[in-house]
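I am attaching a structure below and will ask some questions about it afterwards.
Here the chain labels run A, B, C and D in written order, and each chain numbers its own residues starting at 1.
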Amino acid sequence: MSIAERMIRTTYPEHLGDIDRRALAACIQACVDCVQACTACADACLSEDAVADLTKCVGTDLDCADVCDATARVLSRHTGYDANLTRAVLEACRVACASCADECERHAAMHEHCRVCAEACRGCEEACARLRDAL
Amino acid sequence: MSIAERMIRTTYPEHLGDIDRRALAACIQACVDCVQACTACADACLSEDAVADLTKCVGTDLDCADVCDATARVLSRHTGYDANLTRAVLEACRVACASCADECERHAAMHEHCRVCAEACRGCEEACARLRDAL
Amino acid sequence: MSIAERMIRTTYPEHLGDIDRRALAACIQACVDCVQACTACADACLSEDAVADLTKCVGTDLDCADVCDATARVLSRHTGYDANLTRAVLEACRVACASCADECERHAAMHEHCRVCAEACRGCEEACARLRDAL
Amino acid sequence: MSIAERMIRTTYPEHLGDIDRRALAACIQACVDCVQACTACADACLSEDAVADLTKCVGTDLDCADVCDATARVLSRHTGYDANLTRAVLEACRVACASCADECERHAAMHEHCRVCAEACRGCEEACARLRDAL
């Protein structure tokens, strides 16, 4: 059980049913994994000989990491919960992940770090869409 | 001249005209100020005797700080610029700032830190809306 | 295998041996878990009736989350690697985690979220010390 | 008057005298400026034809931005204030800024963004040292 699940289970926010609780924990975990993948992928791109072909990928990775980081934090808070904000943040995160997945997929055949990162971004894109639809 | 303006002037991203450049620098500065105001306001709320009445304000402050922080970073990058992402992030930031301004205004008469913070949030809400419309 | 481990395995930074690679991945994961635990614990404290007794805990949680977040990011980068910086960041993170664990342990019998958070903080404190000694 | 100064003036943490209050506000502002300069400099480096010569600079910029960001947040909190943590965080920030200033200065003659960024980093390095000595 991830820390996100343990903390949600511990605090039992009452406005959430069982299904939403699972979707919430999954989305937080997906965001956290995506921060990690994008930060490491940006750095790995910088170390490639072909860095000049990967600068867009670095920029997209960094944007995605920052948006996913903020999203994980907002989703971890229920005090002062605001459905409009949660929806807008999930939408921004979904777009950031889709954009980064698109870019990383272009380099996935050449660079294993882009392949793993694209996978993490797609997973987070879907988790954000699923949670948004469940709200 | 703020650091944001100096850095934008230094790098002259070519896809920006003069007006947009000013709107961009103003929005980054507004986000950065809002992070600072919200982080300090959350802490000041925690130190009040009436903290039990301010817990929603703390949560809203923290959400707003995190979203503004990510927004300032995304707006400071032009490599891999993606208008869809910028628009979605500006919208999330606008909602976070409006929500925090609403909550802080409720306590502005009692707590000076909420008054200053509400002002910073309103300024950032408007700067985000203005930049979004200029894109 | 965590995302941190997969990304480190993918990019094989050459200045790291097998043992250090494992210590590095474990420390990144511990930091990421700690961000998550501290962010959720701060929020859970805000929702307690006894919030007035938990304000120090909220502050310590937030400090710890921010320092662990920066540490995870710095540890995920090898381009421009600087042993002095890594050591100073690990030391700051170790202190932040120890301080937060101390505070959360004081409330662990009363609040399950503090118990889980204290555990995450102790784990991260030890991971930081271990990685620092391995460098 | 910066937002940092206004918020500190608003909340008057009692454990601070006048001189420390000014040093604290100056250090928060220096950190915030440094986040902004480093984030923009990393992006500007990515857009240079000579990006292959600037990858170390990008990595150092990103590390410095993340550490300064966490430092500004920790310094903005007084609830749960812990002198050991503040000192360790200031030391990590001082090292990150010195390291980034060193790297950016190497490119300052060629790249205006590195020149402005080096200046912001030196300013923050000094502000961290000054505040640490005042504690």
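Heads up, the rule we're going with is that contacts are C-beta pairs under 8 Å (C-beta built on N, C-alpha and C of every residue); 3 or more make two chains touch, one makes a residue touch a chain.
Remember, predicted model here, so these are calculated numbers, not experimental data.
In this structure, the chain pairs A-D and A-B differ in their number of contacting C-beta pairs, and the larger number is found at A-B.
Chain centres here are C-alpha means, and the one lying farthest from chain D is A.
Mean C-alpha positions place chain A and chain B at a centre distance of 21 Å. Remark: chain A and chain D have CA centroids separated by 27 Å (rounded to whole angstrom).
Within chain A, residues 43, 46-47, 55, 58-59, 62, 69, 73, 77-79 each touch two or more of the remaining chains. By the touch criterion stated above, chain C contacts chain D in their complex at residues 55-60, 62-63, 66-67, 69-70, 73-74, 77-82, 84-85, 88-89, 91-92, 95-96, 99, 103. The touching residues of chain A, counted against chain D in their complex, run 42-43, 46-47, 51-52, 55, 58-59, 62.
By the touch criterion given at the top, residues 2-4, 6-8, 10-11, 13, 28, 32-33, 35-37, 39-41, 43-44, 46-47, 65, 69, 72-73, 76-79, 112-113, 116-117, 120 of chain B touch chain D in their complex.
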